[in-house]
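The following pair of complexes shares a single chain, subunit A, combined with subunit B in the former and subunit C in the latter.
Here is the complex of A and B:
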């Protein structure tokens, strides 16, 4: 029976970052992994704060973060931890050869997979949609047989965002796929990783490249870091920009691979397929987690635990019936304003936050769960990521930002 | 301005209206149906899709029970591609009134409905999810029926006999001269154009809206809209229809359809038939009753909740709601009110729509000097797609999708879609995995003159109605269909707003059940469309 300094529960962005920061503190870390978090969904971009409470686009995330409501995780995390976490992240990915562009003082703009624009804070070099602003012509590349990327729709909506004084040219690349099933961006990215595929793609696009142009592509520039991106930008001689994408998101998977590689270098123990089933509590402290395994549960002891199991999507928070919200591993206190009149907005894409989306663990400024009188429930259990209450990451575009900053703060504590 | 004329104009594109359109057309009468929205948007699709055996009415209303079993038998024959020819069960659980059983068995026998008692073990082996508190179980010939498809197939059948129809065409005025209806004024709800249609007889088949139509002619027709709320679950909980064996009440019918199950219904009298809102309380009541039959009901993912208005006819001074008759009435306003050229049909239920049309047209046709006999029970709604066509299709389809597509598309469109799939391999992309709808099928239906939005395509193809509730197909169908809408009409074809509207309509059914596994789905929908695609736009 091994004992670690820190056990991190959760394999998403918050979990991986918690493990990395903890290891950076010289701690012996075990990560219990189950699933892949939302990496395949979230395009691997770090949104810090895209929109304020009134739905207005945020120009300077650092400023806007300092003005959030008291219930918001950023308020508890504080701007200093956020700034340090951004630097930590950028150092990690840069050291892995996969640098992210951006800072807390401005937004990066992404082109989405339907052609709208989206603010984000830290993005990989291949997704700098802002490069479209200066271009006189956008060359939109579609891929024959690729599912979930409809280049005409992207062109239609992008023209609405950027105006009609630019030229929009659609080019369809044929990957000469002979199989019978529908293609995903992952398939095309794997094709781009081959020499023949890359050469084929370049030969079909090259005639449209040139000064003043931007080549806009779905997330297909290879599965590994920025290898293909660097090569193709040099070869075409103009900016190449990837859009966000439907799952499976290639860039989410790239980021995951890069972080896992960093984890390995830090000597962090990753236990695969270890769903945390049970917590062992002594007094006001957690001493171990039992996780498994179809056959039997293993016990993982530690001095400190970080819960990064996610929200409703990942199953870290559940609510079988109205009002019965739970944090599934430790049973930490959950903030849940489950009243019919305000639980769900009648409009899906509405101008205010969804109450149900703010459901999560109630924490204090140390990111430990607290009861209604504000007293810490388990003194060595910290919470990071979408487990936290008080914010609607979809409305404000803040998911990975909160995950990063809270992971950093929880690990540093 | 008079722009069109027809001998008979039928108002209302629900089961009643399409049944009458088909019946009239087959008798050789020139008929035109108008519907203010898309076909089948009211109670004919907003119900549990039960093809009644009649057993539910066997105690209280044997006439209705007899009509049901006769029509059930006819629809199984003429509507093979819209009826799921399963059977049904009536189950009694602990706590249900044991004295209800004997009169029910007797009532079924007298109404001509075959019942067979099953041992508890047999019932559990047929339907393993049934409650352990089961007391008695009987088998009955219930079935499931797809309301959208059945209605469209009636329309297609009518068209073959010269019948016509106009969707998104709303009646706004009835023009009366010297005590007789001369014409109606309608508004095209897509182009907003208003024009007149001349007719000899106007048929009010507007279901729960029939009272409003009657008012336009200055008549009083008491229709009491009664709201029924239903829950759709993510999977087949049973393979048969399962009814509670007791006095008919809320939440005691489960109907499996394809890959889902529908639980219904409540019965609440409401003033406005447009009110299809649902509340936590209604959902909880249905769930609580439903748990009596399937103990683990709350562990299933709920897809959505929806509601529709039954058009109950209430004679003056009588009760509405659950106690109102499910029978129907034909009102000849010439006899009743001295207004020539207008008739109303009101009440009834989906299972007997054909019989209602027959009896109604038996009164209407002689007024036009037409003595032809009703033939709607003799001929299939649509001819079956040939085995040769299906065999050819298997080369291009995901093979499990062939039968689904063949029944959806019918003999005319199915071969066309197969041809597209053959000639243009890109159109083989499956846009809706839940219901197995290919790009070629979406393109074909989008080209129909009645399609203006993805929602219209959905009602014809079932796209977005399965387990993902549009999460994956919204972007795909909006992109593909809107390219074709653009050529049709100015102002149509904005893919982004169409996609948002489509997801919003799905959202309406999800909000009342935002708990359990539905929350997970909702977080994914928002993560994709609000975060990744930022569908509200950048707003820089």
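Here is the complex of A and C:
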């Protein structure tokens, strides 16, 4: 393998975006991938900041981001890089024919798979829950045999959120499914990608569509970008909205496919099943990564490295013994409030951040790992995504936002 | 000696994230398949009281390994499936069909035909007649397919007639594998040319048996074990003499490098694996050391590459594409996932439809590419590509051998 300018380790949202931004800078990029990132789990929507430190809902993410605590990654990344990263992302997906709507100045609203509402910042056209606000009638589509989607419960919860002055109608579509297993949204989406499936679906829903209505469906509008979405909105003549989903999340997979397609166009080399195992260090620089390979590790040389291995959740950081957390590939310093009593906030859905969730690599404003005295450990190694310390993505709803902005900053550095 | 870390125990690492389900090509194509997470890790963990209890849809898994490639937690999903399958057939040998028997034991047929004068020609004529008369279907083999024909001379015979240059000091041992040996021996010939040009003499060892991949998929695990033991002993013998073993077929190399150890967890197997290389992996190592013969291709003929899943599972990227690009070949990877064949899987009559559905994305990309030829390291993938498109196919080592000739 000839030398690259940049090697990105990890293929979650942060890794793919790091690779794209680096390639956009004219760099020769190799991406080491292992697993599929969090894409099959999250709904492929970009939360920037949903709730502030006190747990209050954020109305304007840009404003709220400028007020985060010093330890927060956004503080180190800066608002300018965040703004540029959002634009970069929107340009990339739009160029792939899969545009995301939203801006840093307001929240978008998603309808969840159980019928509640939640804020997010950038969402695909098919998931604009706010379209429900103006509608006089919500037509909720259930799918016969679909696992984990209870359309009556969705209707009930949504009525609580949006009020009873709207009409809520439930329609159940029969996909004429003959298989032996439970149906998932991915199966239904694949059915919608076929001409026959699409026509069948439309014929069962069309009677309920019309002006002033919104058709609310689980995440089933095809696996390929927004092809089915565009077709069906035109055909039904009213807005169609997808909810968020249970794994495997169709929209997470769409986003992954779209980004991988952009990677390919940029000539980025993706090595699959290549878990980075060790780094070759010379002085204060990393020169190579040894990764993957059944039997023998392959060596990947580069001038610069970006570690986007997903932190605790995805194996980027481990803790064999309590208090001994470490970043796996380069051994970068991890900061955590490793006092057992404070580690886990026993109330799972409490109003406090979880200490363990904030554990991550200690970085400076360049996103390079620093030791306790604040000195950079490895000059050419940058950290992105959930590897970073100082935030609880789950509490504040900032997961993909931090991943995006940090990837952008790390790649630009 | 049994290894401590056993792939069969990896089911406990499963966190039910469903990444494997999201990428499994059979799950996507066939609604009867309950998917890797359920039939592999979950089923394995249930520890049924009756050893022979079986998840019915497990027979639909093709052992393509896309689940393994995507699992973030190191679960050997496909191998768990194969172990479960073997357990079932051990308890119910009567459930094996005639097609299982034939497709898993092609190596026996090949040996037998070789021992009969005109055996291969007759068998090929027999296949043509059989296909024309629709007899394949009756045997459980997809009647739509043309079975690969037996070469009139196997590679092991051709090898004896090749005059390798005198005075080559370095040696490698070739593991031809069944497909190259009996169906596509020209790949072996190209391999010898390339290695000779790089100063290596190619050795053969007639004690090698089929790597056992078709036996594992067919549920004949004990037989596969005996093949593994046989081959591993030979590989270790050569390891002691510092002679590396090289395969041109990516399913064979995956078997020798990884699957033996995953399935049987023996230390000698892990040891032998270290002495096995895929051909382009080996050539890349030579290139990195500056020892690869330099050549430049100046032809604008366009090639499209299909990466076999069993290569992708090896976690080393696509060494053949990188190397061919480096010497100036106009080649691009199709990136279209699994071809749907998975060795003998697609030859089963009941898997035909699934197999073709899986391959359709690749077929479309190839048809749209306008490429002169499809390049692929795996013999059965090449069969599938020829069946699903009108494209001509070749092994990357043949492209390189040709470049050396000019």
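Some notes on this structure:
We adopt the following convention: the second predicted complex is superposed on the first by the 412 of 413 C-alpha atoms of A that agree within 3 Å, B and C clash if a C-alpha of one lies under 4 Å from a C-alpha of the other, contacts with A are read in each partner's own complex, and residues count from 1 in each chain.
Methods note: a contact is a pair of C-beta atoms (placed from the backbone, for glycine too) under 8 Å apart; a residue touches a chain by one contact, two chains touch by 3 or more.
This structure is a prediction, so every number in the text was calculated from the model and none was measured.
Overlay on subunit A: subunit B and subunit C fit together in the combined arrangement. Touch criterion not met for A:165: it reaches neither subunit B nor subunit C. Once the two complexes are overlaid on the shared chain, A:315 sits against subunit B and subunit C alike. Of the two partner chains placed by superposition, subunit B and subunit C are both touched by A:41. Contacts of A:372 after superposition: neither subunit B nor subunit C is touched. In the superposition on chain A, A:282 makes contact with neither subunit B nor subunit C.
Contacts of A:70 after superposition: neither subunit B nor subunit C is touched.
In the superposition on chain A, A:357 makes contact with subunit B only, not with subunit C. By the touch criterion defined above, A:56 lies against subunit B but remains apart from subunit C after alignment on the C-alpha atoms of chain A.
When the shared chain is aligned, subunit B comes close enough to touch A:150, but subunit C does not. A simple residue count on subunit A separates subunit B from subunit C, and the partner touching more is B. Between subunit B and subunit C the least C-alpha distance in the superposed model amounts to 6 Å.
Counting contacts as defined above, subunit A residues 41, 247, 315 meet subunit B in one complex and subunit C in the other. For subunit C in complex with subunit A, the touching residues are 17-19, 21-23, 28, 30-35, 38, 56-57, 68-73, 254, 257-258, 273-274, 276, 284, 288, 312-317, 322, 326, 335. Those residues of subunit B lying in contact with subunit A across their complex are 279-280, 298, 425-426, 429-430, 472, 475-476, 478-480, 482-483, 495-496, 499-500, 503-504, 507-508, 511, 514-516, 519-520, 522-540.
Residues of subunit A that touch subunit B in their complex: 38, 41-43, 47, 51, 55-57, 109, 112-114, 116-119, 144-145, 147-148, 150, 152-153, 156-157, 160-161, 182, 244-247, 249, 311-313, 315, 318-322, 340, 343-344, 346-349, 354, 356-357, 393-395, 397, 399.
Subunit A meets subunit C in the complex at residues 1-2, 34-36, 40-41, 177-181, 184, 186-187, 190, 247-248, 253, 264, 269-275, 291-296, 298, 314-315.
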